[in-house]
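As written, the chains take the letters A, B, C, D and E, and residue 1 is the first residue of each chain.
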Amino acid sequence: MTTPRGSVLVVGGGIAGVQAALDLADSGFYVHLVERSSAIGGSMSQLDKTFPTNDCSACILSPKLVECGRHLNINLLTLSEILSLSGEPGSFKVKIRQNPRYVDVEKCIACGSCAEKCPKKVPDEFDLGLDTRKAIYLRYPQAVPLKYAIDPEHCIYLKKPGRCGFCEKVCPAGAINFKDTPKEYELEVGSVILALGFRPYSPESLDFTGYKRLKNVVTSMEFERVLSPSGPCMGHMERPSDHQEPKRIAWLQCIGSRDINRACHGYCSSICCMQAIKQAVISREHSASGDVDATIFYMDMRTYGKGFEAYYERAKAEGIRFKRARVHTVCPATGDNLRVRYADEEGKIREDEFDLVVLSVGLETDPQVMRLLHDMGIEVDADSFAETTCFRPVETSKKGIYVCGALAEPKDIPQSVVEASAAALEAERLLHVSRWTETKKKEFPPERDVHAEPPRIGVFVCSCGINIASVVDVQAVTDYAWTLPGVVFAQNNLFTCSQDTINQMAETIKKERLNRVVVASCTPRTHEALFQETLREAGINKYLFEMANIRDQDSWVHQHDPEAATQKAKDLVRMAVAKVRGDEPLPYNSVPVTKSALVIGAGIAGMTAALSLADQGFPVTLIERKDRLGGHGRKFFRTWQGQQVQPYLDELVQMVEANDKINVRVKTTIEEVSGSVGQFKTKLSDGTELEHGVAIVAVGAESYKPREGKWNYLYGKNPNVHTLLELDQRFIEDDQGLSGLNQAVFIHCVGSRVPERPYCSRVCCTHAIDQALHLKDLNPDMDIFMIYRDIRTYGKREHLYQKARAKGIIFIRYDLENLPRVSEDSGGLKLEVRDPIVGADITLHPDLLVLASAVRPRDDVGELSKLFKCAMTSEGFLLEAHMKLRPVDFATDGVYLAGLCHYPKPVEETISQAKAAASRAGLVLSRDAVPAESITAQVNLQKCTGCSVCTQVCAYHAVNMDPNTGKAVVDTGLCKGCGACVAGCRSDAITLKNIGNEQLMAAVEAAMEDF
Amino acid sequence: MSTMNEKITEELRQKARQLLESGRVAAFLGYASGSVPMVMRPFVARTPEDADRLEWNSFCVLNLANYLPALLKSFEPPRRPNEPPPQGPLPKVGVVATGCWSRNMVVQIQENQVERERLVIIGISSRGMVDRKKVQALIAHRDVTAVKEGDNTLVVAGPGFEEEINRWDVVRDNCKSCVHPDPVIFDDMIGELKGERDLPDRFSQVEEIEALSAQERWKWFTSEIQSCIRCYACRNACPLCYCPTCFVDDSRPQWVGKSIDSVDTAIFHILRAYHCAGRCTDCGSCESACPMGIRMRILTKKLQKDVLQLYGIEAGMSVQEPLPLTTYKKDDPQDFILTESLKGEKK
Amino acid sequence: MFFATLEGLRRFNIPHKFEFVSIISLYAKWLREGRLKVDPAWNKDGLKFTVQDPCKLVRQGLGDVVAEDLRYVIKKVAGEENFIDVWPRMSNNYCCGGGGGSLQAGFVENRRKYGKLKFDQLSATGADVVITPCHNCHTQVIDICDFYGGKWKTTHLWNWLEKALVIDDSGVQAGKD
Amino acid sequence: MNETERKQGEWEPKIIAFLCNWCSYAGADLAGVSRYQYPPSLRIVRVPCSGRVSANMILDALRSGADGVLVSGCHPGDCHYISGNYYARRRFAILKRFLEFVGIESDRVNFSWISASEGEQFAQVATEVTERVKRLGPARHLVKEF
Amino acid sequence: MQEKNIDLERIRAAVKQKIEEAVPEAKINYCLTCGLCASGCPATGLEDMDPRKFLRLLVLGQDEQILETNWIYACTMCQRCKYACPMGIDVGRIVYEIRGMRPREERPRNLQRSCDLQRQNNSTGIPNEDFVWVVNDVLEEVRENEPQWKDLTAPIDKKGATYYLNQNAKEPTVEPEEMVPLWKILHVAGIDWTYSSEWWDGANYCLFTGDPEDWEYTVRKQAEVVDSLGCRYYINTE
């Protein structure tokens, strides 16, 4: 390969695509992000809350989208599609067509006047048709780019030029362009990442669900919109038929999943169980009365992820009803209600009435996406997902093209984010020699020192076309600004954010020697960065700036009260001026980076992470507490897809040992850690001290051995009782004795999902079933029984479960009230368990009893977490910074996690996570210095009492007690500027730069003057 | 036969003497009689001989914890800012502590104001201290020249009178409503631990005010503080008020005016009390120190009640347990959040 | 039994030259083609109709298409507004309980218990007439109506179709095939 | 009541609203984007986090003449800074009860959780708080006359 | 109901195996025991049985119980379970096979008799001449009493007719007047049709006894008759 390109094409603007784009763009690659619709955000933007944290989806997603939209090195191509792709890894040629938006994105100010006047109502696809939008529309309120688009399918003007055209007439910015045409681009990129997501299964063909036949039957995705505050019901939970709040809601699981008869989707959609529980929990929160009777009808409750089982248990405790039953048909009842008839596990018929039925629909690949994959030559599996393998979880059949998110298999947000980073890593690994070759960098003139100058404040009052000016008397506000102390310049602009006004502002700053600037316009959340950049271009520090939000929080919310709105605008300007007066220039903090990594733990995760970084040229120290490499993986026979683990592991070890960038140290642990991102110093048990910019924690976990107690089942007492891993060992050793067995029995959930370990170990169902299948292969006449609680073969693993049943392996369900009883019976083993379906006790006589025992956290993880100031879950696994969107980052910057120490997971997810951790670490290692927050806390030593309130409330361990002075000291590299310490300090000894108490008081007091 | 306090005094002197003689402590902090009856002053015994001046009676009302940081500091070698602290152990100080004082010491330890290793605490389970103002009220504010204390009585004498008073009648309100008379940390005890007191109505004073209307409460509050002369004796007596620059003295930012303007006085009392939230042990020093007889302790008692009710925490009960405002639970009560209560109202 | 022949021909791979059709499909076809003309005017009292979808004809036979045809014909005959549909319906409708030989098999109690679901479903429509195109259904629906005290009349489709027939002035159009 | 019905010259309270940047301030923006109307009584002060707001600041607002105060942050669990709103919740719970204890009317000082997607809820809270404060009339207790 | 304990030293699910051999697509093993079938089945609870439990007993090799239960006659083989079953398991078909496993003499008498009669010609056993006589007699009556239908026909054995019509034996035997409306309809529509004087019965109970030979025989006979008449369409009256 000749020198590869330094740019990457990411296809799909959902959370996976956005994450991949950000990872790449932040680590030195130019990204083209192609999105089919008019805005990025994908399916996640349609969700109300997310499990298991109940985070507001829009709240956590929006900042990422905004970042993506503003990124200098991300070229956002919305309304675009791939026409063709050719070339080879390192140099692909891609043809893209961008469909016309008919709205000039440079001019559109997203004021919404156009949509208000547009006479054409069409079903809103973002609300899944539950509501209407106009033919000119914003995909959703937080859309990025925040620009309207005209839907050519429905626009009256575009259909019949000369008619309508209202939008063009009312647009204050002149942004409507009916003459817009499709554009074609030919891009050259080094790699391609496919993040095309999924579409929800449509149950329309399943007549028995009543969908599209009974008004109050909705899909889970539709119900997300019903719950969403920005949805058709504005967050008031309503049912479609009469807009009344439903009091009794049923969720029907596995609609379009685990169904090879009607839906032709044999796989499990992985997310629906948790989504249903979440919706049940949230529906109660949304309900005015709070007494929603929520019932979930399910086959197996698949709460296999981190924090899921606890969420499930909590939901049960809160009274959400879980019925292990399936409803055949949803029937209408009086008053648009719905009646369901179902057999309980004993076969008794029950009937219930509900006000609303939610169908938990599965995920599937959009046929349009299938065509694209086909055209690109990407192989798909029988389920129409992109084909990947356990050892190469983000690689497609075509080299240089990677996949992440639900395109490869149904999965939740965190796993999609992990894979996005992992896919980015693969692109980085492929193209690393061309890092920073195609990226852009912004240069600014040196900044004027304004310390000694008295405030010279300039105020720019925006009319925003008529968005502000039609309500607020902007001239009066401008005149008023002139009268405020320190103001030496004030001006009214039609569009302050337009390029010509921005240029003029920069000139004014220089000409008038302004040293503080206030812009009274829209919201700082979207425009602050733009104006701050203008300050820098004009040669003054960007922190000498404030905004007065006189549009979103004034003219738009007091449309019928111009007088009060004008008064409020004056007040807001006065407050901003009062605050800006106290603003100080702040340094653009950064921390120099030691370009090497420490990886702790040399299992599959650690070795994969180490290789992923070393292959990009970053030196890695890989430490392992044991005397050989391999970790927990040494005990595995094969992946669920059937690939042998030991040969893979041997190869991995060989690659690690042969890599001259990796310094391997066995029998080594960590003693002490100091420093922060970019500059860690770590003392190892061999006495050496290591300097490194980042650390990846991959210390693994252990297998629970039920030597005694309730889950013992004669383990350690009868030689024929094994754990899964012990049976794997016999497989690895090719133990011939196994083929002679008559009866093998597996007990699931041994030590998992029990009071002392209230989490699901995620891997054991699949692992046990795969072992059972292997035993069947060894001896097809062997009788095999699986004694289980819920089978949790999520995603494509469901095929294994189906295969196991097909082969005659018998599954018997038990619960904690009816545990299987194991005893010894004339030398052999005897197991008794009640079969709930036939209602009889079944006695088995296994020659082999296998216990699917829990994966449990290592006991010493707590110490490690303290060293790196990382948090732990109550179960003892390490806790990431954010369960959804930062799944491999710790809250401590520069430290990442991967593998079993995070949560039990199969090999493929471990590998993804290791690669994701490496990608995240690469963001730091790829640069000479990492930016740090400028608005940080600051300690006044005269006032500090050393009482340590600040250190205790700091979530980032950024404030610590200086042992010498006994007073607080802020690590500005860690401080995020939240101000929790400031509010906690009784002595006013700690303050936030430019958001100090005095400044806030000045703003408050200014608000009250002349109100 | 000697009274309980006399026995305690004897034992205290003996223990203090031993500590000083053995060199285990450099000083011992206790009480000695002052020149005025019913006023005990904190006293630092520095020699074994000094120990004999220590006394224990029902007038030991000022919280000794308040004096500890300065006393400990006096035994540290002087050093410049940023200079590392001296290596090796520093001299220790002995101190006598009842329940509330020991709890104050716990808070001081949690807030890095004293080090547990440098304290030798002689614990005494408190029987309640006497409110001098109550005694004076009972004898119609006549001059007192001598007070003789029995186990359950006080004999108050002055020019031309001698009256016997039931001791419990004049015990301070905070002591009467105290449920933790025992020290929670100590190295040695004088007498037995008494155990917790069961007082269902310990917050009755607070509850009475809570039962008033907002208007009446404001009236009560303003009339209570109207005599305040902003002398800050309450603040100075409080072991929790140790900021080098108190917010009342600060001008950047100036949270409160320095005058005795009624608004400023109100804000002073609100913020002073609020700063004690979750930390105050109801030792009563503030009230005992107030020259104007303002009952500001009810303010901190209110905070104590809410912290206990909302978070199940009482200040100073354990060094390990974080202070209530430096920790949280995900399911802390939040009925007061408007968006939550609006939800509730709809129910 | 529609299905017996349909499935029998298929399962046993029986050679035949004819095309096997249901009269229901033909009714609908002939109505659509105008070969048959009907007028619901006869139903001035607004007799309400509902229908039983025979499993063998619909779910196991020709599917929703024939169930739609069935409804089309009934609506034409009885008037659009006089048809009340059942739920579940068409391919997903309940078996009446008379199928599978159970009318002959003799387990009367079981058969009636089975039919209770059908009875409740039909009663819920409040219809005056239940159209049962299948003979088994016909017998069973009459039986459960009697047994559980239903108020409707159970009939074949042809009675009503005949009633609604419009015979052109040109008279019978014989021999057009 | 919406402000079009506001009678000429009717007293409009002054309310200081401390809104966290990530959720409630964004919610207030969304109220604007969605054109939800609410009374013009609020003066919004943007803070990084509800955890940045101290008792002192709330008292200062009252002392400066605010008739009411609103502090709004992210819903529990949604804090951009992990836990700021949890600490804030404790501080405010204690403060609110305490201010009530000394006679400050319960409705003067208000707290809410409003997420970035709750534009309508923001408008509702703004309206609700305004109405509550209006019912109380102008604040007098802690207003410092300069 | 608490069933007797099941001791599984070795599973010998002979019935299941037999069905799997006869019907490879039966997919009995695929059952998820989700109970969707039982929820939708009107026969759930009859004979203390339901489709899920039935499958479960098959899988666990409880052959005795399977062969004994009369639930196989409560189930109408309506396939509503299969319609929605996520695995598409055809309980109706399985029931059919098991019905067939019963010795003929132990099957419900009337059901078996209907099939046996069918094998001879029609399910009621009336002679073909009677059928012909009834048709002609009823036709005659209509022509006489209803002048506007004087041209009504009911052809039998008309070779080359476009449509062959079968007639459920119930009408000629029990309610012959029920045949007339259809004749009239066909007449108005101008349809060229015919009955057959043999194998004219539209019913066929051999579908329910479980003996494929009987079923096949009867259908084959019917097909032969229709083809011998040379009809293009075979109309079933249902």
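Simple rule for what comes next: a residue touches a chain if its C-beta (ideal position, glycine included) is under 8 Å from a C-beta of that chain, and two chains touch if they have at least 3 such contacts.
Worth saying up front: this structure is predicted, and the values here are computed from it rather than measured.
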Those chains that touch chain E and also touch chain C are A
Of A-B and B-D, the pair joined by more C-beta contact pairs is B-D
Maximum distance between Cα centroids and chain C occurs for chain B
Comparing each chain's Cα average against the average over all protein Cα atoms, the nearest is chain A
For the pair chain B and chain C, the C-alpha centroid-to-centroid distance in angstrom is 92
Chain-centre distance (mean CA atoms) for chain B and chain D, in whole Å, is 36
Between chain A and chain C, the Cα-mean centres are separated in Å by 55
Averaging C-alpha coordinates per chain, one finds the centres of chain D and chain E separated by a number of Å equal to 75
Where chain A touches two or more other chains simultaneously, the residues are 208, 329, 953, 984, 997, 1001
Residues of chain B that touch two or more other chains sit at 247, 253, 325-326
For chain D, residue numbers touching 2 or more other chains are 56, 60, 77, 83, 87, 91, 121
Pairwise, the chains that touch are A-B, A-C, A-D, A-E, B-D, C-E
Per the touch rule, the chain C residues reaching chain A in their complex are 64, 87-88, 90-92
As the complex stands, chain B meets chain A at residues 81-85, 110-113, 242-245, 247, 250, 252-253, 275, 322-323, 325-327, 343-344, 346-347
In the complex, the residues of chain D that touch chain B are 55-56, 59-60, 63, 70, 76-77, 83, 86-87, 89-106, 110-114, 121, 124-125, 128-129, 141-145
Listed in rising order, the residues of chain A that touch chain B in the complex are 285, 288-291, 941-943, 945-949, 952-953, 961, 963-966, 984, 986-989, 996-998, 1001
The answer for chain B against chain D in the complex is residues 206, 209-210, 214-222, 247, 253, 255-257, 261, 263-264, 266-267, 269-271, 273-274, 277-278, 299, 302-303, 306-307, 310-311, 324-326, 328-330, 332-334, 336-340, 342
